[in-house]
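Below: one structure in structure tokens.
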């Protein structure tokens, strides 16, 4: 059962949770459109920056004072000194509201939240796979892998070349960057999972871990490929969240816990899960 | 009954309604705080300015695109060439939203609405009585009286001197300005109705009409004084409005129509009523 | 591709699946200044009663989060004046006219129905058995299957006009009431009327509405309405006119997918006087975007999860 | 002047008239990072059942205008694990603990009540007879006066703990249910639980919640809740805990003036993790501003219009 899940049960020991569920008021100091619908937001956020780990997210208040809106979960894209970077894709009210904030705005957020990636899994060689806005949290992961001197290979997919973003940023922290687009407008023409499979089939490399973030069908495919090759794999899953801190049980995903399947909280036991414990579908 | 009320039944013949219930997008070109809680907003609004008559109001959309709010009725304070001036007192969400709009904002409004004051009543001498934010519509009325060469005497009341606003504007269009404050910090110490009564008791003047706008208790008192002196009196009343155009029957006030009392629409048959036809209380 | 938005509900031929929610559009005159009324599928006029009704004392309105409370209390000039002054205007719009009627007793509905059956140019009668504001009025019918059936049956026997029963959401089981209404001869069901609610002015410690409480409408109640439309559409065979918080074409599509054959726009008119036309246009755009050639294909087209 | 915010409800001594709405505060651990839990009048924990419950498949949540739908489906670890892992933490907060219980049969409530009566540090039991998400669960009790009475009576006979009956708003007459619960021995009434609702993803043409529909909460339902609290307070003599869309002290005062002796904060916690503390502070400020010396003076202090 849920309450029976030891904290960090699905995680390596290095991510001993030391949550600081504090509210922060952070200042937006930079806002740049990086694609037609993705905006890069930089905040001055020393406290959050200090605590943030790759794969964690922030629960961000959207909308003015007078209207009622739930918070929106947004991954930590990068941390640069005391600044925190988010990538926001405009999909609805909240993300548009965020992407439209003028520089200088104060934003109210909770975090960092969730368990994050276990970069100790990585060893010398790892693959970091991203699709769509799911690439967001991977930059900071790659940066931390590089800092650990185990830089990862970044495999990224998108529909067109125009949907890819921040490739230079990724290049600066990844060992290598491999690109797939549905229409072949850049890199491999086809799915990111095809690139992943061919990398793994290349026996000259010995990958020790896979990290992925993107749409659920992609994660499921990545997970299957990892299982096939017997490689540890962590994925960051999405879920609709209300509280973001483990209270409401809105955000659950099916997982194996102590040999039985149950619903675990994406906001608390996740959003990053080892695919070993994750169960796809309801 | 309501549908039986001939348009303009409670009005003089000059206000033959020629409503143009069109939506306007107008640009905010000036915003100034005139007291601690009253803001003066100037819009570039040629179409509205052309049609606007003293005592009419606008039904203004407040709040962003994504949240649902009803419109807010705001009186036309003044019309200067193709500009329209509103005075907004901060009392809640909508008025704060309006008063906080940055210059350059586009505001969506319907109007001009309602029947307005019948300035033909005025004759050579008239009294124009205002209390609180109710002074709003009276500037444009006084201006039109002046244009007709029958300038009115303006009697205004407030709690303190600090609550009075735009006195210079009023002075420039009124024959005379008389002030009452509750605490005597400016002008007569006491109620505006006391000033009104003493004006009327001064037999050297022969007032032919009274126009008033302000809180309902004040209007009721003014109405009683007018009746006592047998002087025609028009008051602009407030009501909570949903549609603002005569559809929903939210805004009603009790009135005499064809010898019986019924609920008439403040937004359509009003907001200005001849006190002859108005019934106070439910 | 030009989508076919037309739909026939209980013999009412609507050019688009959009009408107005009774009491939020008067008889259409005022909104005719903002939109082309002939683009609407039908106009549903404000509820009328046999005798004139004064309505409730003001205040009659209070804004609430994403909605409003009202306690108008069915103010209306009575059927005779309505027929004389408003019906000709409505007829002239050229769109089907749905007349909403209410009464305090079965006989009053009956007499109204007979009276209106003699008039030209009425497409259907909507039985407002649900207005929560009038103590001695409709609410008693709408919360009881038995009374609803009795009422519909009686009116049914007196008129050949299509009958739409408009249901109140303030019940334990809306499907029971819908089944009763249809069993007694209702040709269509419309729902929901307003949800009972109350707001208090805490500074003055008085209710915000003079009569204490009123009916909640607007986007706040949309999820409640969608659920009830969905449930009723599974329970009865007749077409449903769905309403409750519809602002856009997308909102309307939500109701249609839930099982409504048409929708009505109410409170949104007040904030956006072009809302009805916008809903028609929004439905058209959705259909274009999704290659829907006939709106009827969308009715109840909800996939299981 | 320091206002006395304390209130006693069915023997529960609360230092402030504010508790948490069951299911929106878990057992308080998480929000304890944001607020000082000891400032709350009581903590009402998430509903527990006898056996562990897996809950409904996701998605379980959908935002709506000024509110949200949920279909959690009472996921919980069962009473034994709760008593072992959560109750000690709750006890340690030092504030009165209200445990919400639910079951699919009267016997399950009964067995839970007996089981919990043996534990230390429980101030009261709240009977969740109203969760609309669990088909085979509480909803059947809460919509029927008869079943409500039967349930309360049975539980009453098995425990000395104060009993709070938590009512569902999805009924024709909430006062009937309240009267039945009190008649059967409920020491207090809490209301409202969520309002049944549904939302549809029109792009994918599927319900937004995996199980189709869920419960609406948040500011959108506040007017519905205020009305029901008001009506129930006129119908029964026992204290009422009011909830539904409370965000601020002002909102809480609205419920208290309507007749609630205390309030619970639910959905607002999610957007503002300090909401409960803010409500306590807001109530205090209102009392200061209005020279209210005892919060109890405000209960039901509504002037007629």
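Should a chain be cited, it is by its letter among A, B, C and D, assigned in written order, with residues numbered from 1 in that chain.
The working rule: a contact is a pair of C-beta atoms (placed from the backbone, for glycine too) under 8 Å apart; a residue touches a chain by one contact, two chains touch by 3 or more.
None of these values were measured; they are calculated from a predicted model.
Peer 1: Which chains make contact with chain B and with chain D at once?
Peer 2: Expected: A, C.
Peer 1: Comparing A-B against A-D, which pair counts more contacting C-beta pairs?
Peer 2: If we tally the contacting C-beta pairs, A-D comes out ahead.
Peer 1: Which integer distance in Å separates the CA centroid of chain A from that of chain D?
Peer 2: 35
Peer 1: As a quick test, compute the distance in whole Å between the mean CA positions of chain C and chain D.
Peer 2: For chain C versus chain D, the centre distance works out to 34 Å.
Peer 1: If you average the Cα atoms of chain A and of chain B to get two centres, how far apart are those centres in Å?
Peer 2: 57
Peer 1: Using the average of all C-alpha atoms in each chain as its centre, how far is it in Å between chain A and chain C?
Peer 2: 47
Peer 1: Two or more other chains touching the same residue: where does that happen in chain B?
Peer 2: 67-68
Peer 1: For chain D, give me the residues that contact two or more of the other chains.
Peer 2: 65-67, 210, 218-220
Peer 1: Within their complex, state which residues of chain B touch chain C.
Peer 2: 1-4, 19-23, 61, 67-71, 110, 239-254, 262-263, 282
Peer 1: If we count contacts the way the header does, which residues on chain D are in touch with chain C in the complex?
Peer 2: 64-67, 69, 143, 170-172, 195-200, 202, 204-207, 210-213, 216, 218-224, 226-227, 230, 245, 250, 253-254, 257-258, 286, 301-305
Peer 1: Considering the complex alone, what residue numbers of chain B touch chain A?
Peer 2: Residues 63-64, 66-67, 93.
Peer 1: For the complex, give me every residue of chain D touching chain A.
Peer 2: My answer: residues 23-26, 30-31, 33-34, 52, 54-55, 57-63, 66-68, 70, 72, 75-78, 81-82, 85-86, 210, 218-220, 247, 267-271, 273-274.
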